[in-house]
Amino acid sequence: MSEAVATATPIFEVRKLTKRFRGLTALSEVTFRVSPGEILGLIGPNGAGKTTLISLISGTLLPTSGEIYFEGQRIDGLAAYKRARLGIGRTFQVMKPFPGLSVLENVTVGALFGATEGQERKRTRAREKARELLEFTGLGRRIDQRADALGGPDRKRLEFAKALALHPKVLLLDEVMAGLNHVEVDEVVELIRKIRDRKVTILVIEHVMKAIRNLSDRLLVIHHGQQIAEGKVDQVLKDPRVVEAYLGKRRQ
Amino acid sequence: MNERLRYGIVGAAIAALAVVPFVVSDSLVQFGINALLVATLAQGWNVIGGFAGYPSFGNSVFYGLGSYGTAIAMVQFQLPFELALVLGALLGVAAAFVFGVPILRLRGPYFAIATLGLSAVMGAVVANVPIAGKNIGLILPLFKGDRLFYELSLGLLVLATAVVLWLSQSRFGAGLVAIREDEDAAQVMGINTTLYKVFAFAIAGFLSAAAGGIHAYWITYVDPAGSFEGSLNVRMVIMTLFGGPGTVFGPVIGAFVLSAISEVLASKISTVASLFYGFVIVLAVIFMPKGLLDVIQGVRGSGVRYFGANMRRFRL
Amino acid sequence: MTLFGQILANGILLGGLYGLMALGMGLVWGVLNIVNLAHGAFIMLGGYAVYFLFTLAGIDPFLALPIAMVGMFCFGYLLQMFVLNFIVRSALLNTLLITFGFDVVFVYLAQLLFTADFRTINPTYSGSSVDLAGVTIPYSTAGAFLVAILLAGALYVFLDQTRTGRAIRATAQNLTAARLYGVNPRRIYALTFGVGAALAGAAGGLFGVVSQITPYIGITLTAKSFVIAILGGLDKPLGVIVGGLVLGIAEAMTDLYLGSTFKDIISFGLLVLILVARPAQLVGRA
């Protein structure tokens, strides 16, 4: 359990965020806050709008209406690269490493860019930082391999390393545990905890219930684009609306 | 290869090249000037096409603008060559900014054809502008001194290569490569992709325009057809691809090798020359899909298996 | 009004032929992701094939078309099967490079074998025309237009209705998935390239009836096919024909009102404007 208290100034805040795609409402009036150092789990059945929410926060998509605040500053109109510079990092559900580059080079790019605070502007220093991060995420032995030659779990580690290289204040993780076995899931949970210890606030989308239950300080449930529950983990999981939404879809 | 050794070799090569015009025949010097200029064009393309991954098929527009800028400055405003060349180069940069912003929004082949269209349009537009001499073009003052043009062209190539070297080691260059590999991911990582692309385009514009300016003064005339010549585009792309896009020396090697081949063939077996040129290209793509430089590195690493591995990766 | 009508008619008729020219390029680009810089050379070779069938064997050009198409199909099929299939999955630029190499080779072979003389295909009806609502329509141009529309329609039906056509479309969408369904990609690719070559050959034959053939006509025609294919959405036959019509009409109109020097500016300028003004429709495709 974290020490984050609901009354602390939120590091980011979303108010009535709505996204419509040509008649389809992907997200409707979602509102919540995240405190610094918190791990917020984002759950909901497939297609509920979770990735859309992350895309709206990272700037890949622009909202139809609503507001997003980061450290008190309104960011919902900013371009994606500006948000990255402020300190918002994300991983992609479909792993997107830079295919032609080595693992090391992939992460080096992250270290060269990303949040303006803590950026390395010299390629050589960035490379060192990249090496560190690759050790941290367990890819130390693969640094010179081509990124597109990595297998599934290693690709995830690479995504992590890249996202961390951006030295974000807030990290948005999109189903990083999909397709992993029990042991690998536990490793990733540990990794996420270590990341939080580095003072990063984390928003995690996940389907693996065991993991998200252990990891999250609070949960947010989205179903059909609507926010149906929010709060402490145990309360939310007992909420009848949540149970109903998940009927037949719970995975362990 | 040891860094110092590599720089030593490059330094020696530059010195050797600089001495060339004093020891060879005039026609060879002329060949040299052409080869050096086209190598600069290849390096310019390398920045936008090789590093940033935006395959421009219209860099000839900058070459032409550089030629015309220099010509107009000298002929209509009686400015000295040094100043005129700078103005011509700046004209290229300006064009890159003006056209780059809308056109760089397009991806892949759409960008390629937009640049192609740009070049075609510019040539036709210039043919209607009085200050540019309309259809006839302009005749520049004569300056006899091939050796000087040679050294100037060599200097420009060295500058171009130095810029590309800087790209390969700088944060800006890393950003361009990120854009090439995955532009969306690059944006989300904090890279201002629009700014970076336009900048890369401007560098290409500058180098191409400067090459055009030197060429114009050397051959003492500019005209719409010649200065915006379409085949230049294909040549600079092919030379860079042949030598190795995204590398520092690839385009230079590609330009020199292909220029030499085509020169040798043209003089020895003229009619069949182009035939061989075509075959060389076809074979090169099949056996060296990542360029000559990559072949040299690859063969050093894994021997003849390099070819097999490549073919297996790219075949259906 | 009649001058306008005449020029408009010319533009439409020529536009149909332009569309046919671009069909093959668009198909190959859309399905194989190969931008064939030698496409114009295929058109040129098809033109020569029909020319020689006409002058040496006395076969009417419209009847010679199928023969030439079969020949070009085989040629394209073999080229894809034994050369292009080896580099298909490398960077798009490599395909540009290799097809450029082909173009150089074909053009010079043509120059060597056929010389640079202008050739025209002049069947007996080539001078005659029909009068339609005050507009003169030459028989040959009309015939070319009709054949173009016919072939475009045939291509559409082929892609949409036949099993092979659907296999081609499946391969274009997702190579791996198509493989799992038992599609042999090498053959499909070779087939598609062959069809592209055949269509180019037909366009060439018709071009010879309507205009002149030299080994060098390919370059401009490749560029135009490029433009039209993009306008039309690559492997959508009906869209490509429309793209051809647009270019044909635009060219005819600029020729009439602004003079021929502006023709190129307009066609390319139009293209650049369209690309820049509506990127959303096209950006995704890349």
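Chains: A, B and C, in written order; residue numbering restarts at 1 for each.
The rule is short, and it goes like this: contacts are C-beta pairs under 8 Å (C-beta built on N, C-alpha and C of every residue); 3 or more make two chains touch, one makes a residue touch a chain.
Quantities reported herein were computed from a predicted structural model and do not represent experimental measurements.
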Chain nearest the overall C-alpha centroid of the shown protein atoms: B
Most distant chain from chain C by Cα centroid: A
Highest-count interface - the chain pair sharing the most C-beta contacts: B-C
Cα-centroid distance, chain A relative to chain C, in whole angstrom: 49
Centroid distance [mean C-alpha coordinates] between chain B and chain A, Å: 43
Averaged-CA centre spacing for the pair chain C and chain B, given as whole angstrom: 31
Of all residues in chain A, those that touch chain B in their complex: 58-60, 79-82, 84-85, 90, 92, 96, 98-101, 105, 108-110, 112-116, 121-123, 126, 162, 166
Residue ranges of chain B touching chain A (in the complex, touch as defined): 169-171, 174-175, 177-178, 181-182, 184-193
Contact footprint of chain B on chain C as seen in their complex: 29, 35, 83, 85-94, 96-98, 100-105, 107-109, 112, 185-186, 189, 223, 226-227, 230, 261-262, 264-265, 268-269, 271-272, 275-276, 279, 282-283, 285-286
Residues of chain B touching chain C in the complex: 49, 55, 102-103, 105-110, 113-114, 116-118, 120-121, 124-125, 127-128, 234, 237-238, 241-242, 245, 271-272, 274-275, 277-282, 284-286, 289, 311, 313-316
